[in-house]
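Each of the two complexes below includes subunit A, the first together with subunit B, the second together with subunit C.
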Partner chain A sequence: MKIGFYPGCSLSGTAREYNESVVAIANAFQIELITISDWNCCGATAAHNINKILSLSLPARILALAEKDGLTEIVVPCAACYNRLASAKYHLEENEELKNEVTQTIELDYTGNVQIINVIQFIEKYILNKLEKKLEKTFLQKVACYYGCLLVRPNKVLSFDREEDPLLMDNVMKKLGADSIDWAFKTECCGAGFSVSQTETVARLSGKIIEDAVLRGAEAIIVACPMCHSNLDMRRKEINNYMNTKTDIPVIYITQAIGLAIGLSEKDLGIHRHFVPVNLKMETLTENKHIIENLVKTEE
Partner chain B sequence: MEHKQKNTFADEIKKATNISIARCYQCGKCSAGCPMAVEMDYPPSLILRMLQSNIKDEEVLKSKTIWLCLNCETCVSRCPQDVDLPTLMDFLRSVSLKLGKSNPKSKKIIAFHKSFLESIKNTGKLHEISLIASYKLKVFDLFQDVNNVPAMLKKGKLHVLPEKVKNMKSIKKIFSKTVDGKEKI
Partner chain C sequence: MARIGVFICHCGENISSTVDVVNVADEIAKIPGVVHSVDYKYMCSDPGQTLIIEAIKEHKLTGVIVGACSPRMHEGTFRKALEVAGLNPYMCEMANLREHCSWVHEKSQKTTNKAYDLVKMLVEKVKHNESLHSIKVPVTKTALVIGGGVAGIQASLDIANAGHNVFLIEREPSIGGHMSQLSETFPTLDCSQCILTPRMVEIAQHPNITLYTYSEVEKVEGFIGNFKVTIRKKAKSLDEKACTGCGLCITKCPNKKIPNEFEQGLGNRTAIYVPFPQAVPNKPVIDKINCTYYTKGKCKICEKVCPTKAIRFDQEDELVELQIGAIVLATGFDIKKTDFFPEYGYGKYKDIIDGLQFERLASASGPTAGAIRRPSDGKEPKTIVFLACAGSRDSAKGIPYCSKICCMYTAKHAMLYQHKVHDGKAYIFYMDIRAAGKNYDEFTRRAIEEDGANYIRGRVSRIYERNGKLIVVGADTLMGAVPVEIEADMVVLATAAISSKGSEDLAQKLHVSYDQYHFFAEAHPKLKPVETNTAGIMLAGACQSPKDIPESVSAASGAASKVIGLFSNSELSRDPLIAYVNKSAPPIFSTCVGCFICESVCPYNAIGHEEIKDRDGVIIKTIAYINPSLCQGCGTCVAICRTKSIDIHGYSNKQVYTEVISLLNDI
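Up next is the complex of A and B:
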């Protein structure tokens, strides 16, 4: 099984462990990721803050290159890249004039026929039904699945999950044995691109997210976005200073959670690259346990 | 008698973005859900009201609000009138920048965006070290985040040398056709 892959800049730099874990689980499920040749940055927040045509042209170049490579579907693990790529595709489809202007800017053929999926859709489509067979360990913890903004909004453009109370990541974590909690900050903003220019804002917004997760008993936060991860993990010192707390709740990627559950090593999943240490006890599944569970079920 | 109506800024917005400012009926849902409203000089619904009144356009373009919007898209998701505020904010920012009206207090945010685009223009990809270096030079804040650098290097999260797009000509062209000579990235 082969699928196109757009890593984006974060995954080759600050979110290296996200890339490592995406690649590791893809390998484990025999999925070959084909990286788009000569890909560029999607433009992220900066481009659409400054210039509309630039913000559409950078993603359009990526999608045009994917078409050229003969890819029909690409997985985009970074939620910000996923959002920019999907938005560009949506707006170019809606507006012929805009599409002409952008194709003239990038000087590449663009038809808009590449399917763009995020990491949760990738898991749902290619991994979820094979997961149970490969499961070696399960999580025993209460976890807070944090979706953030860019994975789910705007629904008109992305058509992914429920906008105010998404559940797909929770479903994956439940399959891994975790108790995914109901909480209030699932789709609140972490402060995103203000990490450097307005660090206090990030401390305030990310601080509230961590506070709510901890108050409701979560022992880990599960994410699918490198910006959310870096704000909740790398900025923990600033968050703790701002909130006057000493929270040490770890933040892991959904792909790392799957990797741990199917028995991949922490090193292969880049767990050691986090700033907040990750020490999550897991239960090892044995054949005996399955037999005992089945016995209990039949008795009930 | 011929009655000529002056072309307002709201008309200009409609033409450029297809957003009707008049659709907003001031329910305030956008301001209630906005994570940045507490830091803004005018909450989002007030920005719309100011544009409706058509006498406060200047204040809107000079506001901190337009730069504080994080485009989290919460407002437009909840708007009963489907007013696309994040797209409006994008438009207001670009006009504010073109007319040289951006709020001096938003200097750091704008400097970060510009440094980010500079990095893409130079290599086609984001190179974090170049981004931070260029940003620091723009805002004269040399010591911010210096503490994090050794840990980030140790964890393999920073590339010392940038990765480059092979066909840099195509990237330069995209920039020359869009922002160069206008917003001066």
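Up next is the complex of A and C:
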């Protein structure tokens, strides 16, 4: 099976381990990721604050290149890239004039027929139903699935999961054996790009997210966004200073969680790259256990 | 030979600013048959009408065209003028030079040409007009009021007190509606039940009112003055005549854990029940869905204990057919439930309640006997947060309109809370305080100034539970949008008022138009607020849009006065612009071949069969017959008729073709 792949800038920089884990699980499930040739930056937060045409042209170029490569569906693991690409597609679909202007700017044909999916949709669509067979280890922990802002908002554009109380990642974690908790900060803002300019704001906002997860007994936070991850993980020192705490709750990507559960090595999944060490005890499902389970099933 | 008069109106400047009216009048005068053509500033005015009347007499006119506004506006006016002048009123035609021409086009020669064409078509048409006479239909002086809330009660009493019979139907086991659930009412804080229950009793005792509770409209046929309405009386499993309302069955019913609808789920009831102690009628019904006998086939305890043997397990729904002259719709409203709001927990927090639930908590007859206690553990909330506009004025997620009653009842709730919990703190998040009404603003000021309610202008983004407290996260936009977090014990959402369940179905049964939110549409937003576009059907209360009690009562009295006005006529006149099947001499009798396709397409069930018999009574031919009192002149049958045997008075095929051909001659 083949699917288009847009890594985006983060996945080749601060979120290398996200990239590694996406590629690793795709390989494990025999899915070939075809990277869009000559891809560019999606424009991130900067472009749409400065210039509307630029903010639409950058994603449109990516989508046009995907079309040129003959791709009909692309997976975009970074939540911000996913949001920008989906927004651009939405706005160009709505406004023919805008579409013409953007097409002239990028000097490429753009029809808008490429499907854009985020990593959770990718897992849902191509991995979830094959997961059980490959499961080697299960999580024993309580986990807090953290979606952040960009995966679910605005619902009008993305129409992905429940806007204020998404559940898809929780469903995946439950399949991996984890006890995914009901908590209040699933879609609260982590502080995003203020990480650089107003680190204290990020320490406060991300601190509250971690505080609530810990308070409700979570032993790991599961994310699907490089920005959220870097704020919750890389900024942990600032968070702990600001909140006057010593939390060491690890933050892992949903793709890493799947990778661990199907027995991929920590190194392949980039677990060693995190700032907050990840030491999650997992239960190994022995072959015997499989046999016993099958026997029980057949007896029933 | 036709002698036609044409009268072109300037409509002040409405028409004359874009159409050269003098030119139109001059050019029209040249058409054969037109013997008189003039223009005038206001044709509808008294001098304008006199102008027409005088001209008819002077020039012995046989037909009149008025080129003015929409016929919906003034056709009646000019038809009357013709009648005064001694001409048949249906010899008048109106060319719509305003809505169809001057208002929608720029000033130009083309616009004037179009105005000329519009008049010319009618000049040709009127040559074929025939004298018509209005149809008289009798009026059944009995009203049907649908919905037994305060609006339905008021309308019923007003109509009944004028001496007419009223059938009041209510789908719940008791009348009273939402008002009977309220604790106290703004802006006077008088007890809702105390002012409503006497009215409910009056309904039950009024000699002119027949009350059908636990009943719904099944079918509506007919037209103004002559509706035929079928009512489904749902089986109460009770012989109401035998029942004395002693209540023994209720105390003995073993099934006591059914969430009580009247208490908004905050209390329980039995399977055989009376919704509330002051119910009218105060006789129980059996809730078949929850009754042990109906679900499991065993029990019948109520039957055993009933001293008058009034329980009837084998009772079935009964259909009653009523002859009705006018209908008042008073079906009220519902509110959105707290599970509508994902950011406030999708209804999973027990201590986040809606406004109606708070009414029950604050009511002396409620589940806590008026003490403010939170549902989860029965403790008295020391910090309470009220959210106005929960779902209202929110086009992204909720509804765009204002629910109107929430600002006032939220102020009242805060006030009642402060009166009952002296050491409590009440916070109100709001967008604007909309307190337009007699003594309304004074009331909200009182909540703030005397009772110390803390008003915070801003929206709440999220509510979540932590350590037994509800954390309300919002912003204070009057303090520079600073984030606000309140640790509350209980939260009350002033959820949006929405149309009553089943409104769309009912509207379709009655052929009443409704808006996208399923509120019934009034005939005119300003000048006909209590009438619908369907003649003979009026609107009362919140079924038209969210309304408070005084407004609902005013609307109900307005609707009642329209009904009483209608009933003051012994018969009604209808326009004779209806369809008819042609008749001719034997041996053909009619070109109708009796295929009756017209019968199947008629939306008003106006088409039946007519048997043509010879002298011995032997049927020669069966043809279609159009009932003149049912036909609305829509023309569907004319279009479908394969043998062109049906025509419409006033809009015959000949008249319409003549109009079209008159345009073709120019090309």
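Basically, the second predicted complex is superposed on the first by the 287 of 300 C-alpha atoms of A that agree within 3 Å, B and C clash if a C-alpha of one lies under 4 Å from a C-alpha of the other, contacts with A are read in each partner's own complex, and residues count from 1 in each chain.
The definition used in the following text is that contacts are C-beta pairs under 8 Å (C-beta built on N, C-alpha and C of every residue); 3 or more make two chains touch, one makes a residue touch a chain.
Predicted, not measured: the structure shown is a model, and the values here were computed from it.
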When subunit B and subunit C are modelled together on subunit A, clash or fit: clash
Touching partner for A:T103 - first (subunit B), second (subunit C), both, neither: neither
Subunit B versus subunit C as contact partner of A:D212, first or second or both or neither: second
Subunit B versus subunit C as contact partner of A:A184, first or second or both or neither: second
Which of subunit B and subunit C A:N240 touches, first, second, both or neither: neither
Contact breadth on subunit A, by residue count: subunit C or subunit B: B
Contacts of A:F194 with subunit B and subunit C, given as first, second, both or neither: first
Touching partner for A:C9 - first (subunit B), second (subunit C), both, neither: first
Partner chain(s) touched by A:R162 [first = subunit B, second = subunit C, both, neither]: second
Colliding stretch - subunit B into subunit C, listed as 5-13, 23-31 or 59-67: 23-31
Shared subunit A surface residues [contacts with subunit B and with subunit C]: 163-164, 188
Contact footprint of subunit A on subunit B as seen in their complex: 35-36, 39, 70-74, 76-77, 90-91, 93-94, 97, 108-109, 111-114, 116-117, 119-120, 124-128, 132, 135, 144-145, 148, 151-152, 155-159, 163, 165-167, 170-171, 173-175, 177-179, 182-183, 185
Parts of subunit C lying in touch with subunit A, wherever the complex brings them together: 342-343, 346, 396, 462, 464-466, 471
Subunit A residues within the subunit B interface of the complex: 9-10, 12-16, 38-41, 43-55, 57-58, 61, 104-108, 149, 153-155, 163-164, 187-189, 191-194, 196-199, 201, 205, 234, 272-275
Residues of subunit A that touch subunit C when the two form their complex: 156, 162-165, 183-185, 188, 212, 215
